[in-house]
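Naming follows writing order (A, B, C and D), and every chain is counted from residue 1.
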Amino acid sequence: MTKGRLEAFSDGVIAILITILVLELKVPHGTDLDALRPMLPTFLTYVLSFVYVGIYWNNHHHLLHATTGVSAGILWANLHLLFWLSLIPFVTGWMGENHFAAVPTAIYGGVLFAAAIAYLILEIAIIAHQGPESKLREAIGREWKGKLSVLCYLSAILLAFVNHWYSHGLYVFVALLWLIPDRRIEAKLRE
Amino acid sequence: MTKGRLEAFSDGVIAILITILVLELKVPHGTDLDALRPMLPTFLTYVLSFVYVGIYWNNHHHLLHATTGVSAGILWANLHLLFWLSLIPFVTGWMGENHFAAVPTAIYGGVLFAAAIAYLILEIAIIAHQGPESKLREAIGREWKGKLSVLCYLSAILLAFVNHWYSHGLYVFVALLWLIPDRRIEAKLRE
Amino acid sequence: MTKGRLEAFSDGVIAILITILVLELKVPHGTDLDALRPMLPTFLTYVLSFVYVGIYWNNHHHLLHATTGVSAGILWANLHLLFWLSLIPFVTGWMGENHFAAVPTAIYGGVLFAAAIAYLILEIAIIAHQGPESKLREAIGREWKGKLSVLCYLSAILLAFVNHWYSHGLYVFVALLWLIPDRRIEAKLRE
Amino acid sequence: MTKGRLEAFSDGVIAILITILVLELKVPHGTDLDALRPMLPTFLTYVLSFVYVGIYWNNHHHLLHATTGVSAGILWANLHLLFWLSLIPFVTGWMGENHFAAVPTAIYGGVLFAAAIAYLILEIAIIAHQGPESKLREAIGREWKGKLSVLCYLSAILLAFVNHWYSHGLYVFVALLWLIPDRRIEAKLRE
């Protein structure tokens, strides 16, 4: 069983997810700039979710690059990850339309948390399939970003009921965490 | 004629189907957890349909893996299968919005039944194209899950008018049937 | 310049088109079979359009299979074809919702006509790129189905204002024309 | 890291974008030709945006063809381009529904401007990754169309508040700029 179709299918689902996010941006009725102002929370949420789906695509790309064979367990762990990612347009729309209210903000974090756990399960399924000499196992041992992200999501869920700005700060922080250091590491690798 | 584009096209359609399912989850108007409660049937139906489309993608993946050439008959049998799968978002939305009413529950089973028959026709078209020495023919002779599934769908259609919970129990049972034993078989194969 | 990405992009667009057609099937409000009855024209139009998009995918598959290189002219002729195909969900929805009224029926034929002309232009662009020894030129000389289809579309557009059933008869006839004989020809080829 | 999945993912996103544009064409309620007349601005905007997305796909195709490796910077620069392209359905719908009002017309130009800058950033990221002997650097030095386009977008944004027809003239002019000369250059190359 080859990984080609698994990659193609995942790429397809993630590409559709990142694109139908824009369907949550409903065309406003007015024709002046004021008509855009109430859309600002929806737009910012759109940007945030776009970046998150992009990060997942990017990491998924690297993860499968380090994968050789595909087992049924990997197929289902991958579908499980895609399931949680597929809920992102829904929670994005809910959080954006309600100007970052507490419950939608917490649920948004809940979906990010579940996706992070699903990603972890996918990594475990791949390591289990690769056996004791798995190279991925080593790589993941050094991976502190995934653990920190999960911690941030959990904090954001709780903090949503204190002050939702803390939660959004954490969501933006995690996004930057994945966006920025990758370049630094890559630069080091190329030295 | 190669099977590459057939796989790519099918992957594309199935990836889009599994993703636009989420468009049936309409953003609720409230901002508390109560706003999510009436969505529970829609959400559970979403999970069920996501798993079914995932199972079809998985099985389709394996079926085409065992296929060498592609005939016009296979192309059309494949499109016929995709046609019935394409109705899943519609029946998912109908059943979910109506809290599992009898007729939508039966129609949901009807579409699953038609998709199962279409899958069978696709298998027959592939076997016919492979000729008398088809390896697929043997594999299908041993396949009891497909037959049991069809029986369950038929029972679920009838039972929807008695008590729709029987039907949903059967839909969940068939989904688990395909999810669980595959792993067991695979484990045996790897011994 | 290779044809791989042209095929992949066209497959993507056609797969999305055939799938978003189903978004025209709006979930009905009732929960009994009567709720489905007013959807019958929409459903039949959906089936017809699904078959047409399937035929275009099939023919496009064969056409590009006979293509070696890709020129800018081919890229744009291909996008021009995809443009007319992209209008099929719109005219499908309009014709279906209006129970086959005269003008939507004629416009539906107009889009099919324009897509057929766009397909012809794509063939001409490919032949022009292949030069005087084009194998495609011969194949197209024998192709009577394309010409007959165009004639049927033109007749259907005019007949929509006399009796729309003639038009629908012609649309179904053209669809069968492409569905059935392909198998016969293939059978002959395999002898 | 290979560019295959980057191409596949970008193709997927662009194919979905060009297709969901059609979802902005809402099915009209009437059944005569008059029902289509108020849709004319939406339709013309649809054609314009279809051509623009087609041009971006075409140029992206060529740009990645000249690319060998993929860095994290290239991945993110590519996602950044896809982000701005993903806003095209939204601004298309807004401009079309409001019969080319000043602000939506200017915002439409703003998104095209941002996409052009994102494309430039992607080119710079690729050149930076290719190092001092980059062939792309030379090619871009001769590229006057990108610079002229950016100038036209900026003018169109300002002119939208004077007379929106100037802006639309400029949008059509830029589209033709990319459509027509490519063929002429290609013809010369084949001599």
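Convention: a contact is a pair of C-beta atoms (placed from the backbone, for glycine too) under 8 Å apart; a residue touches a chain by one contact, two chains touch by 3 or more.
On a predicted model such as this, the values are computed, not experimentally measured, just so you know.
Colleague: Can you check whether chain C and chain D touch via the same residue numbers (shared by over half) or via different ones?
Modeller: Here the answer is different, because the shared fraction of interface numbers falls below one half.
Colleague: What angle of turn lays chain A on top of chain D when you fit their CA atoms, given in steps of 5 degrees?
Modeller: 90
Colleague: What is the distance, in whole Å, between the centres of chain C and chain D, each centre taken as the mean of its C-alpha atoms?
Modeller: Each chain's C-alpha centroid was found; their separation is 27 Å.
Colleague: Can you give the whole-Å distance between the Cα centres of chain A and chain C?
Modeller: 38
Colleague: Which positions in chain B touch two or more other chains at once?
Modeller: Residue numbers touching two or more other chains: 8, 12, 16, 20, 23.
Colleague: Help me check something: in the complex, which residues belonging to chain B touch chain C?
Modeller: Contacts found on chain B: 1, 5, 8-9, 12-13, 16-17, 20, 23-24, 71-73, 75-76, 79, 82-83, 86-87, 89-90, 93-94, 97-98, 101-104, 107.
Colleague: Taking the touch rule as given, give the residues of chain C at its contact with chain B in the complex, in rising order.
Modeller: Answer in residue numbers: 7-8, 11-12, 14-16, 18-23, 25, 27-28, 31-33, 35-36, 47, 50, 54, 57-58, 61-62, 65, 179, 182-183, 186.
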